[in-house]
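Both complexes shown next keep chain A, but they swap its partner, so chain B is in the first and chain C is in the second.
Up next is the complex of A and B:
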């Protein structure tokens, strides 16, 4: 009883304003969809995008949770805009294009998931963390299997559901072990320290942490919980893939920060007690880097490639956690920002190409350098930022990741000595596979029947804004 | 905020280039307007600073901190850099305006052309305003890039594309040395900021390391300022549009090497320039001056004559740097910039009006067809050959005086070069402007329009007055510069003698009626002339021996390594390995849900084991 009281008393309604606004809007859209038959379905994603962009501006602040909230809302807004440009395929999927009933769900689901993220980054105990994480996950299940007539989408939905269920099970189990060892869901450093110092409890608590982390690694896309990513990203509708790659991953890293927070706070006092945790994080980071970046090399499908790339980028973010310091929150957010902008741009361009050239292979980029030089330039900037080319935000983000590792060189087991070469190899591999898309744009001639791709104005604006942001953030480190 | 105003010198042209390139690719007039506006605003800003406007020290830009070495890029605003900026932005603005007339009706993409000019202005300002060798190097590479773009502007012409490539690659050779020199400097001085160099030398004055560092830095100047033996790219660079040649390959970029060396002399102190280094620098300068003056004497293309003459004048400047006479080098750089830009632009006007005819033996009689242009060209010529009273006279005198004081052989070489300079310029003027028109195109030539004439007038006035003390003391890019009035001294007599000998010889050979009507050089059959026409076989030597011989064998060796070890062993080996790994990954990532769950479970078990066993 006392624990429940403690939990409910540590939150206020005001903290959940963004969540409530987004949930309210999602419900409004669902009701309108059901009861207003003449509602123009195009307005739903636009409305959702405007409101979540508004929430993003309204919540912007300097605290970690405010930063994460506004990035999640902004990314959701972009995904909704993408869904707006993707509407013809959405209509085709719900009723074979005959009518548009139910198409508004496609706008409500991302809003619900985003509401979960907003609650997640403000949670201070495992119960709230679990509830909000499940909100994100449940909405994502429905979204990835949304194209019911498309076998790939259905398969993606089912895979995501089952593997997600496994991860949820691990998370709950971990929470139970954690509670058993520390007697608290809040992760109060004092309780954690007490459990660590007790030889009978410490093993149980670390088991609990391992299971909790495994549950979170599913969201983040880290080895060994990465298996769903390539298949689901490839099969899910492109706006959903973008959402999973950016917002869902952001939720995962937010949860990871919350779970590791007690260890970060204890770091100076119990350095020796957590070194196995540090080593485990380093091993996971290395495996994630290798698997994501090397696995991306042979890929020919652009969405699958971006899936592997998202695993690889998660590896670079995990490297920050190896140092277990409180100073990593800023760089982790910066990395997510740079990665999020570039990934959204890549998926957006891919969504438009998918609609007009009917394929998601890397070869859809062919000849864009000639037919659409400006858009090709913007796509180039986004891929360059993902690869980490200087003067783009991605470069500074990756640099921070390297520096954080070099800064903690003297750790036990000399982690830096073997992790650093792996990072270098993986960064180099990134240049190879990201530039494959650029090769198609500039070195392949357009085919005879290729016409210039018409990028809708919304898409062009988003791409231009993203390009500007990537370059501005890349050359003005003071902002970063 | 106001203190960061000088950053406009870099931001404006860069923004103009970006706008031209990205937004105005289809509207050349607007693109030209944007570029010209940016050039004029930077010129106005520069004049405002020279007139005494103060905004305080601009903030340095810290790109990212690295342990122990912070990459701070800042601007250095002193007399040397600001007055150099006046030369760059002044000539830049005039060339921008001239280009409007010159490129009118050209079928190529003018937005690309003006974007190239703007990006050049950005890069050149980087070099001039840099407060550290890092920013200098960034600008150094960027001018190389913009020069590549502009030489190859008419890229469908093979000659232009090849020339662009040749310029870029030749410059890269020098840049490798420059980069090594920068690293050596970092080791010797502990900093790359010009302000932190003086008095921080960690090695003894005159030590071999210092010589090596100076010579490596000088390599950069050899490439950029086209000194022997890397001078071969500059004459070929004349394939670019003529205004580009005036701006980049005569007035500003090629002088960057001289500017950089003088900047180093000012900030490191003269101690850093060891005797050996000075000997080599002055020697290379003198050799370049002599060889290119010789080659210029037998060129038949109006732009190539001017190009070789630029080489020869750059040789003078480098020689002055080697003689530790930085103020004389900068004085000559400054007068040369005005009159050589004038000569190139006037030549450009002539070329356009003769329907892109550059062969001087197809011209003739132009003084009657386009008298104003020819008058401008003649005033530039007088400045170049150092007729007393013109700007070039004063600056060349100061270099010769420095040589007279320090080294007699270099002084004699300088006088010989002066005589040849007069010879080839008088030859050029006689052949192109006197006599009768040799072809129909030359017959039809007429005066160019206002946008082309106006810059010529401005430059003509500057090339006359810029040498006099009352102008030079204000504008020469050197701190506390003071022009000395000419005195009756040995150097003056020697200079006048060279002028008379060279001019008289040219008059005797090319002033005859037979020569004035000839269709080709009357000396052309001469064996000595043939050698000069073949550019002393230096280019041929590079093609045959370096490219065809050394590079061929080296490339065979490299290809053995490349093919055998890298491709077969590493490439295919890695390829097989990756393919195998990819195959394995593919097998794992086969879409089977059971497999995925299995992997997840195993992975989690391993994680738990790591945590518990290692605890």
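Up next is the complex of A and C:
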């Protein structure tokens, strides 16, 4: 067996330019932080945001990996801007506000994680996939526990680390079984087919795929690997929660696509195997939908609510995978785009509210409709898009999810329409819990001592841009 | 061209919201423009104008059309009620005036889009756009238990929307096209959905809940009673017709095979609509406040329109009288209930209460108000020469169209109903339902005439003595506009065609 079967040999340095740029910048920031004591720490997140936004523009393209890279870089840029507006809390938590040592790391870590995502979506074998996914995860551990003086943040970091380590173990184990059964890390359909035609090897490969998926489910927050999400989102610094909710989820779905690719290509040949895979995905999707959406209903903490909601949204994305077709890449990306924009907006607004009103409960939204009507409108659009209200991008994304299920009716791997009522209930539950924030904004009067919240210009610009994007993406496809 | 019917209100509400232009004045200009444009395009179409120029912008087929069944009367209803709602709008303060104007305009834009959309997705999306301001306005400015009421409505309609969305998706993915006009062509070529029963059931429950079909009606009356006047007018008058419009649209798409499409659900619909007419009718009699009475009466009258739809469906979409009757009653009910809510708002502003026990003898102080209320009340119970009568009468007659004594064997699922029907001269399900539903006329006469007597007749009570504020010019205009159209359609229903 030649080494070309072990890992893919078709990588070129050119593909990894975005990764190299981001890693280089992250290292530069770390070195500057260590050796330039007079460095103004506030420039770090801005520099990182500008560079990653630049990378997002340069890598834009129509291929799946280009789309995922751009989205990840753009989301990282927004998270860094959020970190810039969040700086006073960062400084306060790192060294009690006395000095700014170590604050620059907070900008370098997202860049490293984003570099991991850029490499991940270009990986063609499990080794590369594992290495890049671990880059994302390791940076995320450090980020979520970054506020060392804050008990919640440390708890989030430890929880994430322990559960993440388990999932990493599962992933490695899965890769090993997969390699053992197929003799290759590349997931080449020929090797997969050869393994499946042998009864002994096929069992091993199925086990390998199941373990791989379990590892990935941890990243996307699918049941039963979802337990970390609400706790970590609640405990981690808000920009980090936003990063985990968008970029990390993006990485997970990118990896899921890569792992499932051979089965999408083989589905007409090995029907039984694919059918059991589809059934498993459908059950996971149903459980994720129910747990995420129903779990979000009683939440009072806004970050926890967004955490559960991100589990629920992952359920809607998993429904795409149930149809197991190569055409799902577009809709999955659209869903992640709509979800990413709206989630970043929600977290950004929440970060500002957290700083000025000192709370993360849903009640921080109270009376915004009267004190800050324009910002309240923009937050409304983001929550409406998450809930799937028509004329926003989120609606078309959810619609596509329903469509992909109904559209696979009559196909040989169709698992039946039983998922449909679950989706209906969950989408309706979404209206309930997302609108809870809107209730606080519009139905509650501001308290006597509430002053209008000052949204920094960067935040207002990001929110305005996001609102515009959500509406444009939600309206234009209807007109044509 | 038609796209401006949606763009004008959206632009106007953006102006009010972001540039703080005067709320009512901006809304008035916008609704006058849309009324002229809407009526103009209906007239132009009926005069044989080239419909293509109305439905296309350049090379892009915009998903709006006036060629769908009932989209013309529904457009007329929307622009008229919007104009009346804006004319009669009277908010407690400037901020409320702005938000009420914005909501009225957005509901109007959404309803127009839904009634003109020739595309499943736009059809659904525009309706949802119109629903959101309703929730927000009831939650912010509603009367009584506003939060509970608005929340219940949000949940009911949110769930209904999702059920409806699933039904519409099933429909279009099985028909292979998103456009209604193309679906009709496909259905005429014999294409039927595979899972007919599921699709029809989802559509019926989804649309039905939006129209407050019994037993999914409990959100409606409290919401209308609680909503600010213009919002109640827009929702009860215009937006609720969306579900009925959708059911008729689906029926027309399947044409002769619609009976097969709805299949088993038709009999259930007949049973449920009796719940609307009789059960909710009795609930309406028991109300002690004008606003909840009007809300319940609106739910009750939906039963008749459902009856028209059922007659239309069972005839295989050939019963033109049922179709016209349902369309006319949708228009007439929209106008009359909007007028009633408008007047109820004016009564409350003058007397400060809507409790029947506190009101009395208001006609002495407010003769004009009494006249308009009497007219609207009589219209809503179906007095001849008013538009509602034309609609109700057409529906009642249409139930017996094509029916001959003993010609058709009754087809109920249980035996004793069959024998009962045979005893009654071979009545079919639709005819039998009509026999029961006719009692609704008596019920609505009871509550409406009693309301008129309690509010306007007799010696003035203490609160009515103080109600001396005369109707303003705008208020008279707004009430007169709706009354005039009700009368016009009642005397000359033919002009609609």
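List of remarks:
Criterion: the second predicted complex is superposed on the first by the 465 of 480 C-alpha atoms of A that agree within 3 Å, B and C clash if a C-alpha of one lies under 4 Å from a C-alpha of the other, contacts with A are read in each partner's own complex, and residues count from 1 in each chain.
The rule we apply is simple: a residue touches a chain if its C-beta (ideal position, glycine included) is under 8 Å from a C-beta of that chain, and two chains touch if they have at least 3 such contacts.
None of these values were measured; they are calculated from a predicted model.
Applying the stated contact rule after C-alpha superposition, one finds that A:291 touches chain B and leaves chain C untouched. Once chain A of one complex is fitted onto chain A of the other, the partner contacts of A:420 are limited to chain C, with no touch recorded for chain B. Using the contact criterion defined above for the overlaid structures, shared-chain residue A:456 touches neither chain B nor chain C, since it reaches no partner.
In the superposed model, A:374 makes contact with both chain B and chain C.
When the two structures are aligned on the shared chain, A:213 is found in touch with chain B, with no touch to chain C. In the superposition on chain A, contact of A:399 is made with both chain B and chain C.
In the superposition on chain A, A:162 makes contact with chain B only, while chain C stays out of contact range.
Once the two complexes are laid over each other on the shared chain, residue contacts for A:435 go to chain C alone; chain B is not touched.
Counting residues of chain A touched by each partner, chain B versus chain C, the larger count belongs to B. Common to the chain B-facing and chain C-facing surfaces of chain A are residues 373-374, 377, 396, 399, 403, 406, 478. Against chain A, the residues of chain C that register as touching in their complex are 17-18, 60, 62-63, 95, 119, 121-122, 124-129, 132, 135-136, 139-140, 146-147, 150-151, 154-155, 158-159, 161-163, 165-166, 169-170, 173-174, 194-195, 198. Within the complex, the chain A residues that touch chain C are 369-370, 373-374, 377, 384, 389-391, 395-396, 399, 402-403, 406-407, 409-410, 417, 420, 423-425, 427-428, 431-432, 435, 438-439, 442-443, 478-480.
Residues 155, 158-159, 162-163, 166-167, 170, 202-203, 206-207, 209-211, 213-214, 223-225, 227-228, 230-231, 273, 275-277, 279-280, 283-284, 291, 294-295, 297-298, 373-374, 377, 396, 399, 403, 406, 475, 477-478 of chain A are the ones touching chain B in the complex.
On the chain B side of its complex with chain A, the touching residues are 22, 25, 62-64, 66-67, 578-579, 581-582, 585-586, 588-589, 591, 593, 596-597, 599-604, 606-608, 610-615.
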